[in-house]
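Have a look at these structures, which come just after this line.
Heads up, the next two complexes both have chain A, just with different partners, chain B and then chain C.
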Partner chain A sequence: MKKKTAMSRALVRRETIAGYMFMLPSLFFFLVFVIYPMFMCIFTSLFDSNMGRNTVDQFIGFANYVELAHDPIFLGAMKNTLVIVLVSVPTVCAFSLWVASAIYDMKPALTSAFRVIFYLPVVTGSVAVTVVWKWMYNNYYGIFNYLLKGAGVIDKNINWLGDPRFALWCIIIILFTTSVGQPIVLYVSALNNVDQSLVEAAAVDGATRFQIFWKIKWPQIMPTTLYILVITTINSFQCFALIQLLTSGGPNHSTDTVMYYIYYTAFKLYRYGYGNAMGVVLMITIAILSAVQFKLGQSSN
Partner chain B sequence: MKKCLSLLLAAALALGLTTAATPVRTMADDVNITLWTYPIGNWGNAETVDGLIKGFEEANPGIKVTVEYLDYTNGDDQVNTALEGNAAPDLIMEGPERLVANWGAKGYMVDLADLWDDTDKAEVNAAVQSACFNAEGACYEYPVCMTAHCMAVNLQRFQAAGADQYLNLETRTWSTEDFINAVAALYAAKGDTVATIYCGGQGGDQGTRALINNLYGGTYTDPEHTKYTADSEENVKAIQLLYDMEGIVFDPSIVAGDEINLFRQGILDMSFCWNAAQQNNNANNDPGLTNDGDEIVFMAFPTESGDPRLQGGIWGFGVFDNGDAAKIDASKAFIKYFADGEGTDDAVLASGFFAVRDTAEGNDLSGIYADNAIMSEFTKIMPFLGDYYQVTPGWAEARTAWWNMLQRVGAGGVVADEVAVFVEEANAAAAK
Partner chain C sequence: MKNQKSAAYRWISFAIVVILALLFTFPLYWIITGSFKTAKEINSTTPVWWPTTWTLKNYQTLMGKMKAPLWEIPVPFSQYFTSGGEKTIISSGPQVPAAIRWMLNTIWMAVAAMFLTCLTAALAGYSLAKKRFIGRHLIFTLIVCAMALPKQVILIPLIRQMSSLKLYNTLSAVIYPIVGWPFGVFLIKQFAESIPGEILEAAQIDGAGELNIFNTIVFPMIKPGVGALAIFTFISSWNDYFMQLIMLSSTKTLTISLGIAKMQAENSTDFGLIMAGAAFAAVPIIIVFIIFQKYFTRGIMMGAVKG
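On to the complex of A and B.
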């Protein structure tokens, strides 16, 4: 018996070592490209760090964080970011679920065609997508102004990306079109995996279509929903390329997001420490929101 | 057996990694240098640059040059990232505002003062020379070419609106009042945007600065290039005038490149970001014509005094201090060849601008555009070249603050207040 236990322990140890060895390459990249930069980000945020071969970083404690709390541009950027998250996340989830529900039980070829159509903006380069949208939004020859003027809705061109009233919403629309592809594909797959015997049993018992969805399908696709909520939230928080390519945060900082303002502070104003402090705040915000989403998802389950 | 095989594989992998990490040299004595260039005329065109590099490598057999191309939207970020990652190129081609006032001031550039002998000092345009040296006498850019930035108008549109009477095509000058009347006439004829104060980013911001400074004789910095003075009464008056003019729009959705495209497409009647290379551009039509065939006329910026001060453009080479003496020497040989040697005429022609000197090591450069009517005509406005203030400390930050200020004015901000904020931000950067 004693001999058997010793053998089991040896086997467990061997498997554990093998497991760690398999993890080692990923762990190496995770440590070098995620943990180390994260540590450096937190560390540098405590310094007045600027560009320059001969400059010496000055330790300033939490002064960057105190400044952030009083920086109207940062607070505006945070507000814009939250607007993007609060608008995009529910609309992307709801729209994706609606589309997926409509197409998942169609003929396979038709379902695939719809999946391709909705997934196309995801696989198309963000620069190409942005350039096309920029043409459509153009103040002077854009198709939106052309159509709205032709229909008599407006009599003067609207500077979509140059007017603070419209610019952020224009970006949210583009973000929406590039964000729905993956959730639709995931929802189609999740809906196809719903236990059909339960659906049929509920139908036999007289459940309505809404009841079947809400009581049978929704709980079964909850893990997918949770995943979609988390990735859409993170993507929305990290909205950067669209801002840089379309508005550079303008007009008058009305489309600044935290991600763009980090770039602006670090690369245009060369204030690395201050930019890193923003990065830390963003990281904490995303972590808290993701934890809340997980918690809510778990309690729903 | 398995262990032996594993050891062998591991050894092979380690050897492979070691080999890959070793720098590759084409020949034992070759020095490989890297040039990063902004799109300065055809210095952004791989075909042209390949030809230039081939000539250099033939004349300097021990040096190999690799070229990478930057753009004005992301180029600075690429260079800054490379500098922070200790991966900067050996050579870079751009203007003193970046090489001297930014990277040079931050300690990243090699002092090129040893490339200047008395003949060079006598040959190179004095204003250009001064822009390439810092206050301590270190040279961070060896200049190759220069131009005067100006504006351009669509002649047929002006004629149709009766506004051509305000243009002096002989001297290429006009007064502030002429400009006001011309915009009014064009707007009356068209009922739509005549020109834009583009402020979506820093690209081509020399145009908006020069327009504003010239209208009532304002200045951007003090003559010593130590502080920003754009909050002067003259500048405030000029910005207010532009904001109040029907037909002029402060547009935060475009930068200069977009404005030039809109002008070429005939959507706008004026461009505030023009120079000799733009006038010679034949991408969509013959040089000097819009896409629809209207004649493009370049003009100095309007002034009250009749004495325009145009913003200069200077381009040349700088060397990043990467700590490799052989590469620094090879880079200097490259500079000597293209800025003061047998390749200078080709380098200047590729840029589409004017040479900063009349001769380079005995080669006459004064006639390189003898058969180009547009360039000959363009020399008319070269005497209007004004102060090269782009070397003022904090320049990079000041540029960002400038277009943000224009956006705030365009959004209805009080001009005097917004310009004061700009000057405060820019001077804070200059004082660092």
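On to the complex of A and C.
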């Protein structure tokens, strides 16, 4: 459909004024509470800025960034963050796709019951979820030690959260349970939208279930997979509440993630500019990763 | 039609899904039963799967621990005129258990964030989709860029900004950044794109005012989007722990999840008390979720399709 593009000058002015009047409330909150702090984050990352100290911030150029590159705790936090992302993104995607394909063609009531159950950990909220897991992981009263001892897997109680070998994995498990809810909802709806006539035609031609999945369903749910990859990556990068409540980055910074270390630097060490420099690095990392995933998805389509 | 899945495969996968579902509900089961267990059962090295004697003691401790006034009505903007930057309170409610105040704070925060987000996003989304004004491409680009970045990064600079605006340690400090987050505008814009321009032009020619057009034509058409955004904002602001953590500090201003986290930090081994708090925090939102579950899942799907 073609639209008339010729508009009189008065009409353009009227549209502009009306347009901005409608934009105004939203634009106010957006500029003041999102864009301005984002700018300040980049700006103060170039300063030696300490919270609560009454001296003027010192401009130090890229010194914060140089220090970051040599900060073993930051590099460790970056490594932990990448481990979390690399482990949780594929497992969340594969798990939710499998669950979705198992439940999408059940009776509607059953499908939505399962959807609700797998979404429950998200709704329960990170604090409630974390405190109960903390109890389950507990050295003396936790059920994990009890069950594993009963099954003969371990013979001594393990201090799950206090042991650098296990702590990060304990966090990944909880993150996993709180991450699959949304992908399952999305996959169920994507699988229901797959063109049934193609599936039936392939079945008549004697295609196996596996072939039908790879050749027909998988390409059609690709956009959903792409979206899930992006949101799961971003969520895993931002993993914070679990760490703050479970281990506070311990033992000995072995479970620090970048997000937690930013919080730690800004609110425990009061090194505000340094924390912001980390924030900028995190922003750039996520932007690059999202762009790469997006490009990959586009080229595979 | 030929059945694609064999009966055996169906039963096996059904069994596995049921087991997984039980595992996923277990933490919630453990919270709720744990909150009714006696200290002896909680601190037993052999887990008690089902409480033998149900006790309300944990809830009594939760309610008796800290007190806060039920409400406090401040004079608007008074923090800019007092020397300490404190608001002048004109009416303050009776002292009640702090957990109840936290719950009210959380409800107020989530409802206010939801209402403001929907209102501003509906207006702005429509404007971005349908109004041909100068600078809209720039604004839209800014919105898309901001959405791709991690929200938490801006929270560190925000805290300084909030203290200089004298909003630190108020619920507004949590609400405003949620309202500013541009996802809602983006979502509504996608909905408003599908409104036929002819209808709007016809209404304009008939002399209908801009607000009138918005109320009678635009809003009914973007309503599903606004509904999805409302539920989405409500649940995500309810659970947005990081922002609450850095912005709120005194007993009177805490939200329920923050209050529970604080209790956990102070009484880390009293699992009964902590479970009572967790149940108190989680059960209301779970009930809301189950009631609105249909709209909520639809909201998630629309967010993905339109996003």
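What we mean here is this: the second predicted complex is superposed on the first by the 270 of 301 C-alpha atoms of A that agree within 3 Å, B and C clash if a C-alpha of one lies under 4 Å from a C-alpha of the other, contacts with A are read in each partner's own complex, and residues count from 1 in each chain.
The working rule: contacts are C-beta pairs under 8 Å (C-beta built on N, C-alpha and C of every residue); 3 or more make two chains touch, one makes a residue touch a chain.
This structure is a prediction, so every number in the text was calculated from the model and none was measured.
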| query | After the chain A overlay, clash or fit between chain B and chain C? | reply | clash
| query | After superposition on the shared chain, which partner residues are touched by A:141: those of chain B (first), chain C (second), both, or neither? | reply | both
| message | Is A:25 touching anything from chain B or chain C once the two structures are fitted on A? First, second, both or neither. | response | second
| request: Mind working out whether A:160 is in touch with chain B, chain C, both or neither, as first, second, both or neither? | output: first
| said: So in the superposed three-chain picture, is A:270 touching just chain B, just chain C, both, or none of them (first/second/both/neither)? | reply: first
| said: Contacts for A:252 in the overlay, against chain B (first) and chain C (second): which applies, first, second, both or neither? | reply: first
| message | If you tally the residues of chain A touched by each partner, is the higher count for chain B or for chain C? | response | C
| query | Between chain B (first) and chain C (second), which does A:128 come into contact with in this model arrangement: first, second, both, or neither? | reply | second
| message | A:8 in the overlay: touching chain B, chain C, both, or neither? Say first, second, both or neither. | response | neither
| message | Pick the chain C stretch that clashes with chain B in the superposition, from 3-11, 21-29, 39-47 or 75-83. | response | 75-83
| Which residues would you name on chain A as touching chain B in one complex and chain C in the other? | 51, 140-141, 267
| Hey, which residues of chain A end up touching chain B in the complex? | 50-55, 137, 139-141, 159-162, 164, 247-248, 250-253, 264, 267-270
| task | Using the touch definition up top, name the residues of chain A that touch chain C in the complex. | result | 3, 7, 12, 15-16, 18-23, 25-27, 29-38, 40-41, 44, 51, 99, 102-103, 106, 112, 114-129, 131-136, 138, 140-141, 143, 146, 177, 182, 185-186, 189, 199-200, 203-204, 209, 212, 224, 227, 234, 237-238, 240-241, 244-245, 259, 262-263, 266-267, 272, 275-276, 279-280, 282-283, 286-287, 290
| field | Contact footprint of chain A on chain B as seen in their complex | value | 76-77, 80-81, 83-84, 106-108, 193, 199-201, 251-254, 262, 265, 267, 321, 396-397, 400, 403-404, 407-408, 410-411, 413, 429, 432
| query | Tell me, which parts of chain C touch chain A in their complex? | reply | 1-2, 4-5, 13-14, 16-17, 20-21, 24-25, 27-28, 30-31, 34, 42-47, 116, 119-121, 123-124, 126-128, 131-134, 136, 139, 142-143, 146, 148-158, 160-161, 176-177, 179-182, 185, 197, 210, 214, 235, 238-239, 241-242, 245-246, 257-258, 260-261, 264, 271, 274-275, 277-279, 281-282, 285-286, 289-290, 293-294, 297, 300-301, 304, 307
